[in-house]
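What follows is a set of structures for review.
Shared between the two complexes below is chain A, which pairs with chain B and chain C, respectively.
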Partner chain A sequence: MNSVALPSCSHLPVASGIGLRAAHHERVATERPGIAWLEVHTENFLGGGATPALLESLRGEYAISLHGVGLSLGSAEGLDQDHLSRIAALVRRVEPAAVSDHLSWSVTGGVYFNDLLPVPYDEEALAAIARNVMRFQEAIGREVMVENPSTYLRHAQSDRAEPQFLAELCQRSGCGLLLDVNNVFVSAENHGDDARAYLAAIAPLPIGEIHLSGHHLRQIGNRSIRIDDHGSPVSDQVWALYEQALALIGPRPTLVEWDSALPPLETLLAEADKAQTRLDHAMRSTA
Partner chain B sequence: MDLSRIEHTFQDGLLGRSQDILRQLRGNARESAETMFAVYRNAYWSRLAEALGNDFPALKALMGDQAFDRMARAYIARHPSQHPSIRWAGRNLPAFLAAEAPYRDEPWFTDMARFDWGLAFAFDAAAAPAAGLANLAGVPPEFWGSIRLRFHPTLDAFPVSTPVDEARPRLLENAAIALDRQARCARAIMVWRVEHDVRFRAIDPLEHAALEAMQAGATFGAMCELVARQAGLDAAPARAAQILQGWLEWGAVAIVEHDELGSAA
Partner chain C sequence: MNLAELQGAYRDYLLSGDSGRLAPAIVADAFDGAERLAIYRNNFLIGLGEALKANFPVTLQLVGRDYFEQAAWRFVLAHPPRQPCLFEYGAAFPDYLRDLPELGALPYVGEMARFEFARIASYHAPVERYLAADALAGLPADQLEALAIRRARHAQIVSVSAPVVELWMAHQAPEPDLSAIDMTARSQVLLVCRPDQTVVVRELAASALQFMSAAEHETRLGNVAARLGADAALARAIALALELRLLAIL
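Moving on to the complex of A and B:
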């Protein structure tokens, strides 16, 4: 039972969880590792096949979070109704503890980029995204969380900072926020911003979940750019920022994501243990 | 610029059609918008190429990493992803390989792509219970000719002209094995799923023709006539019964239907 009150967008346990990926399906299904919750990419479970059945079999033991990467909440042309209907059917079937997607767009004119592309932070985009989020929430009958993206550039016509944009989005649509601490760090480093100031600005929002993951440095010309690839352990700087986030926001369900160069399940669980240690400390501090 | 225009212009930049988007973007104090936009453009191509590699592992092993990557980029340029899930990005790849030079000149590529895709499709397709031989036991002999089958929804069957069914497991174990690339055969491959277990089986052209006929709604009686035309009247009854029995034993059939007493005119 959570002793920490979460915003109504999240029913996850205030504990660490792991992202469940295909290479670990069999081991998690048979060995049932000791972890409080699992998050999956929604789009990988929309077929009628073996994967949704796996999720159903796990949901009695683990809280499940459905994390979308393909709804394209930032699309000017609105949401794909077929895709939305498939997600709604999965939500009915799995009854997840949380549902989320990203502050980004990925499709236009029927071409899907299967990426999380940046939106301008201005009034027109805010109105469009709030509309899309509300439609998403109506379709599944519950509040969702929207995740802050990693960005590598900004639109010239943006007239407000990302935390302000997210605050207005939460206020207009009634959604919550999924705070990805690695994304905060990657974006801040790439743009030359202050990650701690970002956290302070975003702390009052209804944050129902935190993400942690790894990134890598890519050399371009004579400087390094941080690329968010979920392919390595959480960096020391991101752990430090996570501790700062917990101090500002309070304990929150925390996911360790790993997508590329997926390590053995034990490595992933060990990363989740590190998050749990910090969560336990934050719980004691708030008790 | 309105949001819709921005997204279309961004798309043109990702696909290399124009650089107009750069005027709408800001880099940062250290890097130009052009440099940072390249992060997105490179990620677009490499992410899709990587996804195709995951969905077509045996084709990738067959072609080699570099040749596969070149092919994947040519395919993506011709067939951009049209589905919210990257999982479906490769659905046109077998047809692309069959139609495009130089790939169309190597039947192994099309056949292996079709096989990889068939296995992936069977994994994702909707589940359904399978019928078994017991479902035949209750059919009165006089109604056998009226038997119709509804096949398992995961079933896929396709003809190949190369022995990819034999080569695939060996290639996945060791991409460097020497294959006889001149080897040719006439067969089809059936792929389906039982519970969580994806299965496949090579069948001869006669059985494939029988399967296609019954998938299209032909009765067992009509299938027997088809078999008789190709295998001869004497061999047909045993061969047709053997084919039917195989499908049921393997779990490739979902429902066995037949006329009931009094149902026929």
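Moving on to the complex of A and C:
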């Protein structure tokens, strides 16, 4: 199906997909909307009941991406073996087209913060994360993708930029990259960096998927900061950056994510159509 | 700070709000370290508050959004998640709500939360091999009595004194009508289970409760049956167990 060669971390169709959330389970299960692929948050499907059965029923018709939000690849203490085993069992059951998680951490000392907390970009963190990613890949028997985060702070001890850190992580662990274009924009704006220079630096990496989503601008006194809340349409600036990314990297499977203030399914599908239009254009350009 | 120390400092900050130790590790510019860290703490509290709203949607309606959020954020700090899956988060929330002094006059709030958590636990429980009528029919009596069984993981038992099922049903409507609900206390034992894909709720008779309690831990089918004696109550309890797949074969 794909005329575009993807890196080995991704078997997704080079088309747009949507994030499947609980409020839309029933409609997607019964109406089967015309979309090439669906991505779910892995941790919502680690129960043993009706939710993994839903994925099994959908996987014949849609490519499925399992996107983790809680494995905590950045934890100094290593990965939670029980959590890893549950993910491995779901991967065996669903045989997804892609598996991913984030460049972040969320667990320490047995407490799960359920947030994508930032890691310092230094050698110690790189070694720890590469170790965790390799363990993840061994447990599920395949390459994974790691997503660049939205960040609201920088650590004083960081000694390299995020693209360089990600390049070294891909090189050391053999993982691929899930490029979140909204996160690139949010982080660049929050730190006064150049989002286009970030894309240029990251373009040579094995990018197997792109994420798009909305964010909001929060005013704090006379200053502002961008918060990645997946609660609104993709902004014009992020669409422009996405077009730039496609020109630099080539067409990639592209997901529209929406989590807070989830709109009707139609709105999500319309956003995915907008991404598809840009993907079609990029495919014609590379043909 | 090394990575483990840094993450320990984050944990202390997120749970206490005191950024004294962590802020110096953060680059200060237009925002200082404490301001930047506060964004993460805010996301942490809001994110888990939303997770509790998703797990306790009717409880949320009973107390109202503002009160629920305040209680949820205090609960998050006192009982942060110990597991990565949010559908498993909040087992202690019903008792937390029950013990809040300002909810003392509304005992049904904690009971509703207990009922809602039982629904989620049932919905996400693993599928097991269940005792079925054909297995019973095909086995000689001695083998039947020796069969190793346990109450299925999806079968949750909740004791309540408020009409939580009626309240829950009423709140499935966009504009709940509570006028017909009799709030007089009446003790009930509810079975919350998921025989297939959908959660089912039944009121348990005393004999069925006795039967299900006897099977709470691994035992022999004969031991469970012996608790009831061979009479009509036993037959009804077994029929219920077969219908709703309440017994797992080990």
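By definition in this document, the second predicted complex is superposed on the first by the 287 of 287 C-alpha atoms of A that agree within 3 Å, B and C clash if a C-alpha of one lies under 4 Å from a C-alpha of the other, contacts with A are read in each partner's own complex, and residues count from 1 in each chain.
Following the convention adopted for this analysis, contacts are C-beta pairs under 8 Å (C-beta built on N, C-alpha and C of every residue); 3 or more make two chains touch, one makes a residue touch a chain.
Please read these numbers as outputs of a predicted model, since none were measured by experiment.
Is A:Gln219 in contact with chain B, with chain C, with both, or with neither (first, second, both, neither)?
Neither chain B nor chain C is touched by A:Gln219.
A:Asp115 contacts which: chain B (first), chain C (second), both, neither?
Both partners, chain B and chain C.
According to the stated criteria, A:Thr30 is in contact with first (chain B), second (chain C), both, or neither; which is it?
neither
After lining up the shared chain so the two structures overlap, which partner does A:Ala128 touch, if you call chain B first and chain C second: first, second, both or neither?
both
Which holds for A:Asp80: it touches chain B only (first), chain C only (second), both, or neither?
The answer is both, since A:Asp80 touches chain B and chain C.
Now for A:Leu71: first (chain B), second (chain C), both, or neither, which partner does it touch?
both
Find the residues of chain A that appear in the contact set with chain B and again in the contact set with chain C.
43-44, 46-51, 53, 70-72, 75-77, 80, 83, 105-115, 117, 119-120, 124-125, 128, 152-157, 192, 220, 223, 225, 227
In the complex, go through chain C and note every residue touching chain A.
Those residues of chain C that touch chain A are 1-4, 6-8, 10-11, 14-15, 24-27, 29-31, 33, 35-37, 39-40, 43-44, 47-48, 50-51, 54, 80-87, 122-127, 153-154, 194, 197-198.
Residues of chain A touching chain B in their complex?
Per the touch definition, chain A meets chain B at residues 43-44, 46-51, 53-54, 70-72, 75-77, 80, 83, 105-115, 117, 119-120, 124-125, 128, 152-157, 190-192, 218, 220-221, 223, 225, 227.
Once bound in the complex, which stretches of chain B touch chain A?
1-4, 6-8, 10-11, 14-15, 23-31, 33, 35-40, 43-44, 47-48, 51, 80-87, 89, 122-127, 153-154, 193, 195-196
Quick check on the complex: what are the chain A residues that touch chain C?
Residue positions touching the partner: 22, 43-44, 46-51, 53, 70-72, 75-77, 80, 83, 105-115, 117-120, 124-125, 128, 152-157, 192, 220, 223, 225, 227, 260.
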